[in-house]
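Next up: some structures, all given as structure tokens.
Two complexes come next, and they have one chain in common, chain A, joined by chain B in the first and chain C in the second.
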Partner chain A sequence: MSANLKPNTKKSFKLMIVDDSNIMRRRIERSQQFEELQLVGTAGNGLEALELFKKTDPDVVTMDLTMPQMDGIECIGRLVTLKPAVRILVISALADKATAVEAMEKGANGFLNKPFTDRQLNEAIAELLC
Partner chain B sequence: MMVAATERRRQVLMAGLGTALILVMGTVLFFGFRLATQMRTSISALQTASTLQTYPETIAQQLNSLRDRLEVRAYSGQALSELQTSVKHVDTNLRQLEATGDADGPQLNRARLLWRQYQPVLDPVVSFTGQPYVDSDTAGSSLSSEGRRHYAEVKRAQLFANENARPLQTHLAALATALQHTSSDAAARLRTLLLAGVFAALVLAVAAGYFQLTRARHERAAREAQDQTRYILKSVREGFFLLDADHRIGSVWSEALSHMFSRNDFAGLSFEDLLKDLVPTATLTTAAKYVKLLWGQRAHENLMKSINPLGQLEITRDNGHGSKETRYLQFDFHRVMAAEGIKHVLCSVSDITASVLLARELQDSQDNANAQLDMMLGMMHVDPLQLTSFLDTTETSIKLVNTILREPARNDAEFRKKLAGLFRELHSIKGEASALNLSSVASRVHVMEDMVSECKKRPELSGNDFLPLVLKLDELLAHLRSVREMAARLSVLKDGAPTPPAAAGAAGGPARAAGALDELSPTLQSMAARLAQDHHKQFRLSVAGLADVPAPYATTIKDCLIQMLRNAAVHGIEAPDVRRNLAKQDAGAVNVEFRKTPGGYELVFEDDGAGITPQNLKAAAVRKRLVTEEAAQRMDTRAAMALIFAPGFSTQEGVSMDAGRGVGMDVVARSVANLGGKIGVSTHPGKFTRFRVVLPGVDADSAAVA
Partner chain C sequence: MLYEQELKTFVDATTNFFSVAAQEPASIGSPYLMEGAPSVHEYTGIISISGKREGVVYFTAPKAMLTVMLMKMQENDFSHETMRDLVGEVANTISGNARRDFSREFVISVPSVLSGEKPDVPQHAGRRSFIIPINWRSHSAKLVVSLS
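Entry: the complex of A and B
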């Protein structure tokens, strides 16, 4: 599936994974099948994410919403201010539509509900990249 | 958009046709005018040439006449003057023909050349002014010398004219013929031109007509399309409308919308205003943000669909009869794209109330089926004998309930007494059902209890208030029958033998009750587990000595334990976190012991929960209006503790399945007293509560009586 989802251009994108669960970070890292995504770092909360973002300047971010210290919604707002072109995929267990709308309004580009399958994750990333 | 382009093309074509028509008519008129002018000059030249034809002959004759006159010495002035006029006429006309240019041709040239040869001959004749004759008496009139010369000139001219009259005439005739040809050519050209013009005008008119016709056809098609759109919007069951960039509704919408939103005009209404009075503010804010997001290019259609917060919108509106009703609407949004980006957002609204309610109904019946299954599974764990015992006891209770309902009552006090009796019976059925995990029975009785509570609150009671209870009682009986059937089937499955029939003899009762009490311990354990789960408590129940309970006390002891266990689980044992804060173990302990004493029997029920404080009891009693505040203040500890056994007392505010009715201990105390026993309570706040039931010894007689 992922093979034909990949864009033709072999441009490389820097990827940052933000999630307070270590298991989930590893899961996202392992499950994504895009050669052009280069993982530049992972963060466990919004503040960490912000620091890492300033250092590594990623192009694509997967973002959890419920996290300690700084939640995902606020973090999205900050990241978009820093780099308007950044593409953010929200991956959250919060299933209510109001949260999704809120995240999209803050500048997210995609929304994926936990739990997700590998196929759903890759489709969501593919939509994010095109 | 396509319609507009076609319309523009048609307008351009019509303008082209108009211009072409003007050009054609202009050309025709211009050349027609020129041809007509040319024809006029040609015709006048033809007339001149035709007139000139006769003149060579005339001149020749005039010269003959002049010569004759001169010969006979007659008066020649007249003839000469006529000749002069003729010569001048020819001269002038030829020059005129030359000037028009129309007759410029070989014929005219030849005529002019010949005429020029005439001139030297004619000039001396016409310019003669002298006297031709001299009169003498001798010879009469004779030619003067001038006359002779004149005569000679006339003679020469006459000879010349006679000789050349015919050629000149021929030339002039040829000229006339040529001119005639010219004008008939011009006439033919004019005719052709006019024909061509008329033809071109006809072609253009036909083309214009054709376009007008197609235009009318297109207009008709457009009108039909408009009509069809209107019909669709009128009859479609979904609400359709377009939102513009300002989130305002366009000028077209389907009629279903009017019904859904109970309004008729939507044009220019903002999306927020549409929902304003129908949904909570938070939903409205989310909806507004979502619609705003739709106009951004960032999110894909599928993503937007998946985060649509209006997929199942609950709205509350007037139903037109003065009360409110709840409807469920489903909003779908589709972006309408144009070359320059998103032009509109198409919104479709469907009323999905029926399907939402159906889904709920399905869920309810699923829950019901699950409950039935749970009940069946629960029943499988219950000893069949115990179940039968419960069913029998319940049947007796219900008979009692029936009796209470049938009892005549005339005043409010009597009605209230009936209600209190009903409540006690129902409560004890519920307790037993809960103990056996028969939640379907327990919940039905709970509903009836609620109805009785409602009745109690009424300021005045009548027999009619009891009617709904009678109906509910029938339902409960039917349900109990099905439980009995199910029990019979289960028993067949388990033992291969049906349970004893329901209507058991009086003698069989106590024996079975005693048998059932042997099995009371596991029943209490399962009840304890369920209570712990329902109330989020943790406690261990240890039971000892129940096998020694004499048959006459079995029912009472069972009722006591069920009631006390419920009280302990609901009021006594604290929640685990509370216990932790009090440095107690998370799990509480409930100990039950039945033993024989020298004077009879003793049941001790003890929990290590919160204990009971007299203050709490008094406060609750005042709240329940069981005692006045002053009376409560005057109460000592013993009197306060006695409130536990007062009818209608409870310290728990809410009403749950398991406690909070404050009837249980009342019933328990009464049945203990009926057996000649006593019930006492000792408690230490924060540490324990202990109930002690003391019962007298049993002899053979009393057993027979029970």
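Entry: the complex of A and C
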């Protein structure tokens, strides 16, 4: 078998992006460079995220915190209850340590502050996928 | 009442936003006390503050500046809605970053956005407001911080 025909053994992960800003959702989608991540949908608040999560069963979620209707902290708790193995990267402007600690205690696996560079985003996702 | 160190927190957050998100540093002027009614540009993103401090933080910018910012951010949608989204996100990011110094008792709202020639910006009698001038490329914008 030639190298070109070798089956792709990389595991793929379903990705959901949650942020109330369209610009941020597009930015995350455009900037992430992982072939193994397949975007299954985006949501603009925690409630939409819960519905989409039940329909698409993502493995990886990027989660904003300050959102209308249901904030990110509450949504993280709900998603982890539905699927304990889900990996959640919080991407938020909230820069105090207490908020990061609370998000991690709810079940988030990583925390990235806005604004961020493409490199910072990809490093944070890489850590999440380890 | 706002203290010098607290204003520096917003200056630093604004500086960081333009360097990282807009990929080009802005020149941030010295904050000064606002007198009279606020003058705003075409788009204004407003964050209400509650908790230990109360008030508003808003970012106001002209459409031309927002258009160039979107280009620098690799965006290709320059619609009215995207302009509104951007000013809200800038105000949200700068206010959220300020929690590094103000702590989590500095509670920020989701952004509300005003657009048009003479929008009605919320004002509170007796609360002093400071203007932080922002010059980026050939454009001028403002961050206004009004906290009790």
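Basically, the second predicted complex is superposed on the first by the 121 of 130 C-alpha atoms of A that agree within 3 Å, B and C clash if a C-alpha of one lies under 4 Å from a C-alpha of the other, contacts with A are read in each partner's own complex, and residues count from 1 in each chain.
Keep this in mind: a residue touches a chain if its C-beta (ideal position, glycine included) is under 8 Å from a C-beta of that chain, and two chains touch if they have at least 3 such contacts.
Please read all numbers here as calculations on a predicted model, not as lab measurements.
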Of the two partners chain B and chain C, which one touches more residues belonging to chain A? C
Once chain A of both complexes is superposed, is A:Arg26 in touch with chain B (first), chain C (second), both, or neither? second
When the two structures are overlaid on chain A, which partner does A:Pro68 contact: first (chain B), second (chain C), both, or neither? second
Looking at the overlay, does A:Lys14 come into contact with chain B only (first), chain C only (second), both, or neither? neither
Could you say whether A:Ala95 touches chain B, chain C, both of them, or neither, answering first, second, both or neither? second
Contacts for A:Lys83 in the overlay, against chain B (first) and chain C (second): which applies, first, second, both or neither? neither
Please report the chain A residues shared by its interface with chain B and its interface with chain C. 98
Mind listing the chain C positions that touch chain A in their complex? 16-17, 20-21, 70, 73-75, 77, 81-82, 85-86, 88-89, 92-100, 102-104, 106, 108-110
Write out the stretch or stretches of chain A touching chain C in their complex. 20-24, 26-27, 30, 66-68, 92-96, 98-99, 113-117
Taking the touch rule as given, give the residues of chain B at its contact with chain A in the complex, in rising order. 282-283, 286, 289-290, 292-293, 298-300, 302-303, 306-309, 311
Sort out for me which residues of chain A touch chain B in the complex. 97-98, 100-102, 104-105, 109-111, 127
